[in-house]
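Dropping the structures in below, format is structure tokens.
Shared between the two complexes below is chain A, which pairs with chain B and chain C, respectively.
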Partner chain A sequence: MRDLRLAVRAGGGFGLGLAFFLIVTVMVPFSVGPESDLLARIAPGVLWLGALLSCLLSLDRLLALDWEDGSLDLLATAPLPLEAVVSIKALAHWITTGLPLVLAAPVLGVLLNLPLEGFKWVVISLLLGTPALSVIGTFGAALTVGLKRGGLLLSLLVMPLYVPTLIFGAEAARRGAMGMQVETPLLMLAGISAGVIALMPFASASVLRINLR
Partner chain B sequence: MSIWEYANPRKFLHTSERVMPVLWVSSGLLMAVGLIWGFFFTPDDYRQGSTVKIIFLHVPAALMAINAWFMMLVASLIWVIRRHHVSALAAKAAAPVGIVMTLIALATGAIWGQPMWGTWWAWDPRLTSFLVLFLFYLGYIALWEAIDNPDTAADLTAILCLVGTVFAVLSRYAVNFWNQGLHQGASLSLDEKENVADAFSNPLYVCMVGFGLFFVAMVFYRTGTEIRARRIKALMARERQEA
Partner chain C sequence: MSLNVSDLRIARGGLPVLEGISFQLPPGQALILRGPNGIGKTTLLRTIAGLQPPLGGSISGGEDQIAYAAHSDGLKFALTVSENLRFWASVFGQRSITPALKAFNLTKLQDRPAGALSAGQKRRLGLSRMMVTGRPIWVMDEPTVSLDQDSVSLFANAVREHLAAGGSALIATHIDLGLEATVLDVGPYKAAPLEFDDFDGGFL
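And now, the complex of A and B:
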């Protein structure tokens, strides 16, 4: 709990991810043109990509601060297993980054002329998918925590891991917006989230142990 | 003979140096025979004309691209479980070979796709998953390069390889779901009636075996280089200490 509170308070990047999401979304009409049909068609995908990128952007702060001031070493020797520590870290990241993105998505959807029935599905798919993004991102952050300039490498490592989540999430949102049935991608997305939440902390913790050695 | 004996780098070097000439020669011969047979002594396909002949590069390269990653996975597992140093270096040595094979498969695929499908690239599941595989290779190699301590690097990349494998397989299915394919199914499989005609498949098998042996030889060679590089580093460190 202390960790969670600390992560929320220390998160100077709290609004930053949100602002980045806003900027990306605003930039899209500038780059593809303002036709509302086109925007409506690509809106779910753009929202998903924007959420993914702002998630990615905030990852290098996830463990780096604790690494620098040595509190990560303390956490590693604490009675709490490291698996639980990284899970809570991921949860904190999701609450500070993922949840605001989910809440902001419908507002930005208005800017992109998202069809009316799409709002519900964009929010639901993001709600199901962003925890997976946070958990996978924690693994990437743990991998690169010891590196001086890990930021770019972090993106390179995490992006391919995001592929399945992005595909199913954006597909669910897209189908929802076009009024098609969404169960299958939504179930797959939920499956990925549940799977990575259950298994990924072990990988992240073992990687962190290697880095702390 | 067990793989644990070869955890000793000297033993590994000794054996691999005796095996390597055989591997080089046989893989070179097989590749030459397979490619020449394939390019000059097979009939043109009745629909694809002579463009079909790029299959002799495309399929073996694609096969090796996947198997190289699989070999890295096994080598990483052996390293993680039993601290087999040569195994970790073999995984490191295999990655650049694998990424080149992936690139060859993508490039020949594009060259083949241009006249056949009328496009260099389509977001077909097979093509897309190969591109994702390419990204995984890129991340793996970049992580090796980024970390100074060799043991830490071996550990971290091994775990990345394990996690990456799971996600690569996941992506394969996700991509399948995401878009319908343009690419044909497997050209050679044991349980299917309709395969590539014998005239094509025989030189293709020769090429595949040749590519496989070439890959093994490459990995032996590069692993030897890695071992020597590490030895030089150790010697230099000792010299500095004495000075």
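And now, the complex of A and C:
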């Protein structure tokens, strides 16, 4: 369980994702133009896309650092099962990247003229969706660990896996902001997260085992 | 519990490197692996540590008994010496790190960030990790790299104490540690090059 603290303290890079999120959402009004109606309509989608991209940005550090300094080999021979190691890694990633994004989203929503009733749903959908992003991202990081410049391949591999989460997450946030019923996309989103959290660690651990050979 | 390796055949990147390796490592004894660079000592140790499957043969008695030390030390530079050790101690479910710090003369350095250590001090920290694992079989890959004379004798003492306490050690090294140990030269076990008996002439 110390892995979490270690990742939090040794990682140190969680400002990066947050800064990127900030930049994206600040720049969107400049690029789209000063139409508050239009901004209000695209705000949930922009917030979701920004969160997803900032998540992606920090993924290649997730396991690569441990690979480089050799601690991954040592963790693999430790009594901890690799499934637990990757789950904790994903949890640490979520706490350092996903959670700050969720907390920052309502503040940045103001910049995008997000409708008042939308704030709640953006936060809820991000809260439900970002764990899935972290867990899927850990799988991608496990696949590409040990590759030089694996970051590009990682993004390409992970992107399609992120699509369902993005669709349902952004849809829930959009419907919430429009004052429509949000139950269906929210349930789908929660389902994706739950399924991915339950199954992905096994996939990540097995590809990691193959990669360590 | 002794480590038994019989007729082991190992590969690196799909190509067999060593074959027909057999030895037994009973408690209280050390085995030194020797052989030229690139012969497959690291691959052999990784296989024994369970990081990769062997091509053939068997390894027994090593399950959850082995502490493995690779070329790199697995240190987090942002954490201090004692935090690094405490992390590994907690992963292996052990409590005290003081004996390990003492044995490798790291007590004075324990609040220094690992990133600020010299290469030899890092190595000493990496080796002291073996002591906090509490595992009986130490598998070490060139543990004396970048250590000075005094540190090598510190290390040799630590191994000697470990052996006296009923542990065993499998060490790949090129220098003389001054240990009473059996030496296994893996040179003669070099695997024959692959024969392309399923070679498809149609591709030519």
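We take it that the second predicted complex is superposed on the first by the 213 of 213 C-alpha atoms of A that agree within 3 Å, B and C clash if a C-alpha of one lies under 4 Å from a C-alpha of the other, contacts with A are read in each partner's own complex, and residues count from 1 in each chain.
Methods note: a residue touches a chain if its C-beta (ideal position, glycine included) is under 8 Å from a C-beta of that chain, and two chains touch if they have at least 3 such contacts.
Computed from a predicted model, the values in this text were never measured in an experiment.
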So, does A:Pro79 touch the first partner chain B, the second partner chain C, both, or neither? second
Once the shared chain is lined up, is A:Ile192 touching chain B (first), chain C (second), both, or neither of them? first
By the touch definition at the top of the document, which applies to A:Pro160: first (chain B), second (chain C), both, or neither? first
Of all the chain A residues, which ones make contact with chain B and with chain C? 213
What residues of chain B sit close enough to touch chain A in their complex? 132, 135-136, 138-139, 142-143, 146-147, 152, 155-156, 159-160, 162-164, 167-168, 170-171, 173-175, 177-178
The answer for chain A against chain C in the complex is residues 1-3, 6, 9-10, 12, 66, 68-80, 212-213
As the complex stands, chain C meets chain A at residues 46, 49-53, 64, 66-79, 86-88, 90-93, 129
In the complex with chain B, residue positions of chain A that touch it: 139, 143-144, 146-147, 150, 153, 156-157, 159-161, 163-164, 167-168, 171, 184-185, 188, 192, 200, 203, 206-207, 210-211, 213
